[in-house]
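Some structures are shown below for you to check.
Paired with chain B in one complex and with chain C in the other, chain A is shared by the two complexes that follow.
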Partner chain A sequence: MEWDFLLVQALSGLASASSLFIIASGLTIVFGVTRIVNFAHGSFYMLGAYMAVTIVPWLLELDRSPTMFFVGVLASAVAVGLLGVAMELLLLRRIYRVPELFQLLATFGVVLIVQDVVSMIWGPVEIPGPRAPGLRHAVYIFDQRFPAYELFLIAVGPAVLALLWLLMHRTRFGVLIRAATQDREMVGALGVNQAMLFTGTLFLGAALAGLGGALQIPRVSASSHMDLSIIVEAFVVTVIGGMGSVPGAFLAAMLIGQLQAFGVLVFPKITLVLAFLLMAVVLVVKPWGLLGRPEAASGRAVLPEGILDPHPLGRAGRLLAAAAVVAVLALPLFDAYTVKVGTEVLILALAAFSLNFLVGNGGIVSFGHAAYFGLGAYGAGLLVVKAGLPMEPALIAAPIAGGAAAALFGFFVVRLSGIYLAMLTLAFAQIAYAIVFQWVEVTGGDNGLVGVWPSSWAASREAYHYLTAVLTLGAIIFLRRVIHAPFGATLRAARDSAARADAVGIDVRTHRWLGFTLAGAAAGLAGGLYAFSKGSIDPTLLGIPMSVDFLSMILLGGIQSVMGPVAGAAAFHAVKDFFMPLTDYWRLLLGLSIIAMVLVFPRGLAGAFVSRRRGAS
Partner chain B sequence: MAERVLEVTGLRAGYGPAEVLFGVDLHLARGEVAALMGRNGAGKSTTLKAIMGLLPPRAGSVRFAGREIAGLPPYRIARLGLGYVPEDRRIFTDLTVAENLAVGRRPGRSSWTPERLFEVFPNLAEMRHRRAAAMSGGEQQMLTIARTLMGNPEAVLLDEPSEGLAPVIVEQMAEAVLRMKAEGIAVLVSEQSLDFAAAVADRALVLEKGAVRWEGDVATLEADEGVRRAYLTL
Partner chain C sequence: MTRFTLSRRALGGAALVALARPGVAQGAPIRIGELNSYARMAAFAVPYRNAMQLAQDQVNAAGGVMGGRHIEFVFRDDGSTPGDAVRVAEELLTRENVAFLAGTYLSNVGLAVSDFANQRKRLFLATEPLTDAITMAQGNRYTFRVRPGTYMQTRMLVESLRGKTAKRWAIVAPNYDYGQSAAANFKRLLPEAIPGAEIVAEQFPALGRVDAGATVGALSQARPDGIFNVLFGPDLTAFVREGNTRGLFERRTVASLLTGEPEYMIPLGEETPEGWIVTGYPVEQIEAPPAHKAFIEAYRGRFNDMPRLGSLLGYVTVQIVANMLNQARSAETEAMVDALADLRTDTVVGPVTMRGLDHQSTLGAWVGETTLRGRAGAMKNPRFADGADYMFSEAEVRAARRSA
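And now, the complex of A and B:
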C-alpha cells in the first residue's frame, strides 16, 4: 500500500468525521440542556438534505455561483432550525419531566411522522442534489485524485467547532447553555427563562443537523432512510465523546472517521462493528464518555416508575387470566386468520413481557430488545434452512441464541445506567442488525431466508397455535414467578437505588446481567416461534422499528403493571393488524399514537385503569 | 412596624407522598435579617425552596413585594427581585467566576456589577478567569452569594451558609450577610448554628415538624434555654 493512498484515505476519513461532527454537535448540545435524547435529530438531518435539494437548485437557476449554493445550504439549515423550534414548542416542552424512556419514544414518534410526511411531499424516489459550483473538480494529492468538495468539508468541521466555541464562550446565550447543561434548575432560580433557552437550544441543535444534511447533497442523494442510519452514528459519537460535550463530539467524530476510513481497508464489511467496539471499550474505561461527566444529582426530577409491589392475582385477576387462557384455547374455533393473529399476539406478548421484565422490574431501559428477538429467530431459522435440522432442536436453540447474545451484550450494558444504557442497547441492536443485513452468504441479507417451516405434526395453523400457546404461556408464567421471587425483588432494589442495594451486599451488576440474559433468552424463544409462524426470517425482525413496537406495547400496557404488557401486546397488535392494511400512512398514525400515549396516558392503559379504580375507592 | 417584603401564610409543601411543611407562617421586613432555625429535617430548606417555587407549594400564600408568587415558576420569582442561594452551592463548575456572575446578571438592572462585588469579595477578584471547579469550598460559597447579588435582589433566601465551612470562612460569610443588610437587602437565612444566627440576624424563627413554633429576638432565644432545648439542641 502506498503512503499517498493512505494519506487520501485519512483525508476522506477527515471529511466524513467533519460531517458527523456537525450533526453530533447539535445532538449533544440539545441533550446537554434539555436532557432529552432526540431521536428526531436524524429526521432533522434528512429534512436538511431534502430542503437543500429543493432550495439549492432553485437558487442556482438564478445565479450559478458558489455564493448561491451556500446561501441555499444555510437557508435549509435555518428552515430546519425553525422546525426544531416547532418541535420544542409542541412536544418537548410537555415532556421534560417524564421518564427518559417516554421521551425517547415520543421523539421516535416524530421520526415516524417525518418519514411519512417526507414521502408525502417528496415522494419515495431518491433525489440527487446539485454539485457545488466552484468545488466540482478533483485535486491531485500526489498521484491520487481527491474531490475538492471533500477538502472543503474537512475545513467545515473545525470551522463549526470554532464558531460553536465562540458562541459558547463569548455570548450570553452560550454561557447560559453551558450553565444549564450543568444545572438547569439553578439557572432558572437565577431568573433565566428556561423555556426561551430551551427553544433557542432546539433551534441551534436542529439547524446544525439541517446544516449537516444540506452539506451532504453533492455527495449523496436525499432519501427517506437517511434518518435512522445517521442517528445511530450520531448517538455513537455523542456517547463516546460524552453526552453534552461539544469538544468530546469532535474528538469522537475524528476517531470514528479514521476508524472507518482505515477499517474499511482491513474489514470491509464490519466498519459499524469497529465503531461499536470503540464505543464499548470507551464506555467500560470511561462510563461517561471521553469528555463527559457523571449526571449531576440535582435536576433529576424523574424517579423511575415501574413495578412496585407485585402481588398474587386477586379474584378479578384470576378470572381475567382464566378467560384469557380459555380465549387462547378456543381461538381455533374461529377462522384461520383469527388464529394467525392470535398466535402472533401470544408471541409478541412473550417478547413484551420479557422487555418489561427489564424495564418495569429492573429499570433497565433497553432500546434494542428486538436484537434478541431477531437473533432467536435467526438462530432457529438458520438451523432449519442451512443445517437442515427439524423444528424441535431449532426451538431449543432460539432461546439459547437470544440468551447468549444478551449475555455478551449485557456484560457491557449493565455497567451503565439511564440514558447511556439505553444508547448502548440501541447500538448493540444496530450491530446485530448490520451483521445480519451484510452477511449475505449466510443470512440472505436484506431478503432474508425462506423455508422456516414447523415439523409436520405442528404444521397446521391450529397445532402450531397450541404449541405456541404452551411455550409462550409457560415462559410468561415462569418470568412472572421470577418477578415474584427474591431475584425479582433484588432487581427492583437495584433499580430503585443501585448504591443502596450495593451497600446491603447485593452484587448489582451480576444480578442485572443475569436478568438481562434471562430476558434475552425469553425474547429469543419468542423470535424462534415467530420465525416458524411466518416461515421466513429477515432483518426487520432486529430493526429499531421492531424494538419500538415492543416498547409501545409495554407503554400501552403500563410498565408498572406485571401483566399489563400482555394486554398491551394484544391491543397493539390487534390495532396494527386492523389499521395497517387500510392506510398508506401507518407510520404517521403510529407516531401520532405514541406521542398521544406519552402525553395522555404515561402510565399506560392498565395504569390509567388502576389509578382510576384507586381514585374511586 | 416596618413594611413587609415577604409574607408567607399557611405554606404547605412536600415531596411525593411525604408532607414536609404543615402550614408555615412567616414574614420578613424590608432590610431585615431573620434566621430560620431548627434541627435537621425540620423543614428549613424545604421552606426556602417552596418560597422560591423550586418545589411547588401545595397550599398557602406567598406574597413578595405586594404580589402573590405562590405557583409562579422560579425564574419569574427571581425576576421580581427575590434571590436564592442554595445550600449545596450549586455553582457552575465548568464556567469561570466571571461567567458564573454573568449567569446571575439580570439585563436591565445594574446596581450590582462584578466590580462592586469584587470589592465585597476580594478573593473572587483574583480568580475571575479561573474555572469554578478549581476553587475551594469557601470561595465557591462566596461565589454563590455574589452570583445571586448580580440579580440585584430586594430580598435573599440564604440556605445554610455556614454548613461545612472552616471557622474563618464562616466569619466571612457573616460579614457578607451584614454587608447585604447594609445595602438594604432583606435576608432570610436558614441556619442551625445559634452563634451564626446571633452574629447576623435581628430576629429568629424556629421551625419544628414543618411549622414555625417560636418567634422572637435572637437574644431572647439565646437566653431561653427551655426553647433551645425543645427545638434546637439534639
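And now, the complex of A and C:
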C-alpha cells in the first residue's frame, strides 16, 4: 500500500476520532460529576443533529456564509444544552438521593421518549443537512482527495480539548467540576451549591453532545436511529479513557478512530466488535481505563445499594407470594393469549431474578446479562435445530451453556468493580453478540434459527405454561434459598466491603465468580425456555436492548428486595404489552411509565410495598 | 387435584376459542392481522399502511369479497424483534380472531413469524422481508412472500450490467443478512453478465454506523472499475456524500440496490449521483397501466403525498388478498393456502402470480439510472422488470426446499 493512501486513511480515522471525542467528552464530564450513567446522551447527540438541520438551512437562507453555518451549529448546541438543563431540573434533581442505578433507568426512559418525540416533530424520514459553505470541496493530499470539512473536524477535536482544559483549570466552575469528579461528598461538605453545579454540568455535557451531532450534518443525515448507534460507542470511549477523564476520552477516541480506519482494510466486518474487543482488553489490563483513577469512594464505608437484610417473608409477603403462585396456575382459565403473556412473564422473572442475584445481592452490576440469557437460548436451540435432539436434553443444556459462558467471562469480570465492571460485562456481551451475529454457518447470523419448538407433550400453550412455571418457580425458589444461605451472605459481605471480607478469610474473587456463574446458569435456563416459547433464536436475545430491559425490570421491582424483580418483570412486561397494540408511539408511553414509576416509587415496587407496610404498622 | 381440574377447564376454554374462529359468523368482516415495524421503520411502514387502508376501503366500497363480506386489517407494531413479533402474532390469532397474518419488515422477524405460522398451521403473507431463506431453505407450506427477494433484485440489477466493460468490482454492503446475501448473489451472477469480471474489494460496515471516510478510502484504494452498493437509508446518504467529495464514483460503473426507491432517493437530494444503475420506483413517471395511475391519484388525493414503494407493496398485497379470498370462498387456512398457490392477480402493476413452487410472487421492480432533475434525484430510462423473469430456477428451489 502506498504511504499517501495510508496518510489519507489515517486522516479519515482522525476525523471520526475527533467527532467521537466531542460527544464522549460530554458523557465523561457528566459521569464524573453526577455519577449518572446517562443513556440519554445519545439522544442529545441526535437532537443536536435535528436542531442543526432545522436551524442551519434557515440561517443559510439569510446569508450563505461559513459564519452563518457555524452560528447555526453553535445555536443548536446551546439549544440542546438547555434541554439538558430541563432534564436535570425536571427529572434528575428529584432522584439524586435514590440509588445511582435508578437514575440510569430514568435516563433510559428519556431515550424512549425522545425517540418518539423526534419522529413526531421531524417525521420518520431521515433529513439531510446542508453542506458547510466554503468547506464543500476536497483538498488534494498528494494525489488523494480528502474532504476539506473533515480536515476542519480534525482540528475541532483538539480545539474542544483545549477549551475544556482552560475551562477546567482557569474557571471556578471547572475547578468545581474537577473537585466533584474526585470527591463529590467533600465538595458538598465544603458548601458548594451542588444544584447549580449539577445543572451547569448537565448543560455542558448536553451541549457537547449537541455540538457533536450538529457538526455531523454535512456528513450524515439526521435520522431517528442515531441515538443508540452513538451512545454505545461513546460509552466505550469514556470507559477506555477512564470515566471522568477528558484527556483519557481524547486518547481513547484517537485509538478507536485509527483502529477503525485501518481495521476495515484487514477485516472488512470488524466494525461490529472492534471497539468492544479493545475495551475488554483495556479493562482486563488496566481496570480503571487508560487515564482513569480508582474511585475515591471505593475505600470508604458507603451504604450499599441492594439487599440489606433478606429476612424471611412476612405474613403479607407470604400471602402475596401464594396469591401470585395461584394466579400463575390459574392463568389457563383465561384466554390463550393471557397464558402466553403469563409464560413470558415467568421466564423474564427468572432472568430478572438471576440478575438481581448479582446486582442486589452481590453488588455486581451487569450491563450484559442478556448474553447468558441468549447463549442459553442458543445452547438449547442449536441442539434442537442442528443436532436434532428433543426439548428435554436441550433444556438441560441451556443453563450449562449460560453458566459456562458466565464462568468464562466472569473470571475477568469479578476482578473489577463498579462502573468498570458493568462496562466489561457489556463488552463481553457485545463480543458474544458479534460472534453469534457473524458466525452465519452455525448460528444462522442475524436471521437466527427457526424450528425450536417444544416436544409434543408440551406443545400446547397450557402444558408449556405449566412446564415453565415448574422450572422457573423452582429456579427462583432455589436462588432465593441461596441468597438466604451462607453463600448469599458471603456475597453480601464481599459487596459491602471487599477488604473486610478478605480480612476475615473469605476468598472474595472465587465467591463472586461462583455467584456470577450461578446467575449465568439461571439466565441460561430462562433463555432456553424463552427459545421454546418463541420457536426461534436470533441475536436480539443477546443484544443491549434486552440487557436494558432486564435492568429496567429489577430496578422497577426494587433491587433492595429479594422478590422485587419478579414484580418488576411482571410490571414491565405488562406495561409494554398494554401499550404496544394501542399506538405507534408505544415507546413514548413506555418511557413515560418508566419515569413515572421512578418518581413515584423511587425504591421500586417492592420498596414501596415495604414502606407502606412499615407505615401501617 | 386442583391442577387437573384447571387443565380440563383450560382445554374447554381452548375449544371455545377455536369455535369462535372467523368463518362461522356469516357476513362478518374478514379480519386480517397485519404486523409491521410501524414505530422503528416508520419511513417504510406508514406509507405502506396508508395504502393498505386505501385499498381496504376501495375493496369494501366495491362490495367486499366472497360475495359481500368486508375485509378489515388489524394493524399491530411487531416491536422489531422476533420475540415481540411472535407474541403479537399470537395476540392477533387468539384475541383478534384474525383469519391470517400478514406483514413484517425485518428478515429475522419475518422468518420467526413464518415458522410460528407453520407451527400453528396458519397462513402468513410475508410482505416485505427480503431474505431468500423465507421462500427457499426455510420456506414452508403456510408462508408466502410478496416482494421480490434479495436474489431477484440483485439479478435484475446484474442483468442491466450486460455489455458493460467494468472488470474489477468492489462491493459495499451493510453487515447483516440482506447485505451479505446480496453480495453473495452478486458474486455468483456477475460472471454471467460480464465474463472475466472479478471482485477486488469488499466492505461490510455495520448497519446504521457506516464510517464513510474509512469505507470510501478502502474502496478507492482497490482501484475498481465498478462498485456494487447495497447500503441504504442514512448509511447511503453518508456514503454518497463522502464518495462525491472524494471522487469515488467518477468514471466508474455503479450498480446500487434499492437506491431508486423514493424512500432513499429523496434524502439524497442534490447529492444524487449521475448514472448509477439502480432498482427502485420512479413514481412520478408512471403513466401506465391506467390502474397504477389511478392508484397514485387516489393515494395523493387521500394522503396529500406521493406513494412510496411501501405504498405500492401495501396496495398490491391487498389486491392479492382480496383475490385469494374470492378464489378460496372461505377464510379457512387450508382453503386460503390452496387458493394462493399459483394464484394470478391483476394488480395495478399488471398480473402477479404467486408461484406455487416456492411461494414467491412475481411482483417486479423498476430498473433505471439515477439522474439529477433540478435539486432532486430521479430515475432515468426506467423499465419495469417483471419478477417472473428473475426468480430462482425450479431445480434450485426444489433442492433448497426440503418440505416442498
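As a convention for this text, the second predicted complex is superposed on the first by the 548 of 617 C-alpha atoms of A that agree within 3 Å, B and C clash if a C-alpha of one lies under 4 Å from a C-alpha of the other, contacts with A are read in each partner's own complex, and residues count from 1 in each chain.
Everything below uses one rule, namely that a contact is a pair of C-beta atoms (placed from the backbone, for glycine too) under 8 Å apart; a residue touches a chain by one contact, two chains touch by 3 or more.
Quick caveat, the model's predicted, so the values are computed rather than measured.
Measured by the number of chain A residues touched, the leading partner among chain B and chain C is C. By the touch criterion defined above, A:179 lies against chain B but remains apart from chain C after alignment on the C-alpha atoms of chain A.
With both structures placed on the common chain, the touch criterion links A:128 to chain C but leaves chain B unconnected.
In the superposition on chain A, A:587 makes contact with chain C only, not with chain B.
Of the two partner chains placed by superposition, only chain C is touched by A:16; chain B is not.
Of the two partner chains placed by the overlay, only chain B lies in contact with A:187; chain C stays clear of it. Note: no residue of chain A belongs to the chain B contact set and to the chain C contact set alike, using the contact criterion stated above.
Of all residues in chain C, those touching chain A in their complex are 2-3, 6-7, 9-11, 13-14, 17, 38-43, 46, 76-77, 79, 81-84, 86-88, 90-91, 94-95, 107-108, 111-112, 114-116, 119, 131, 133, 138, 175-177, 180, 202-206, 208-209, 211-218, 221, 233-234, 237-238, 241-242, 245-247, 263, 266-269, 271.
Here chain A touches chain C in the complex through residues 1, 5, 8-9, 11-13, 15-16, 116, 119, 124-128, 131, 136-138, 144-147, 149-150, 218-221, 223-226, 229, 233, 260-261, 264-265, 268-269, 271-272, 329-330, 332-337, 339-341, 344, 437, 440, 445-448, 450-451, 453, 460-463, 466, 530, 534-536, 538-541, 545, 577, 580-581, 584-587, going by the rule given at the top.
The part of chain A that touches chain B in the complex is made up of residues 172, 175-176, 178-179, 181-183, 185-194, 298, 303. Across the complex, chain A is touched by residues 16, 52, 54, 73-75, 78-79, 84, 86, 88, 90, 92-95, 99-100, 102-104, 106, 147-148, 151 of chain B.
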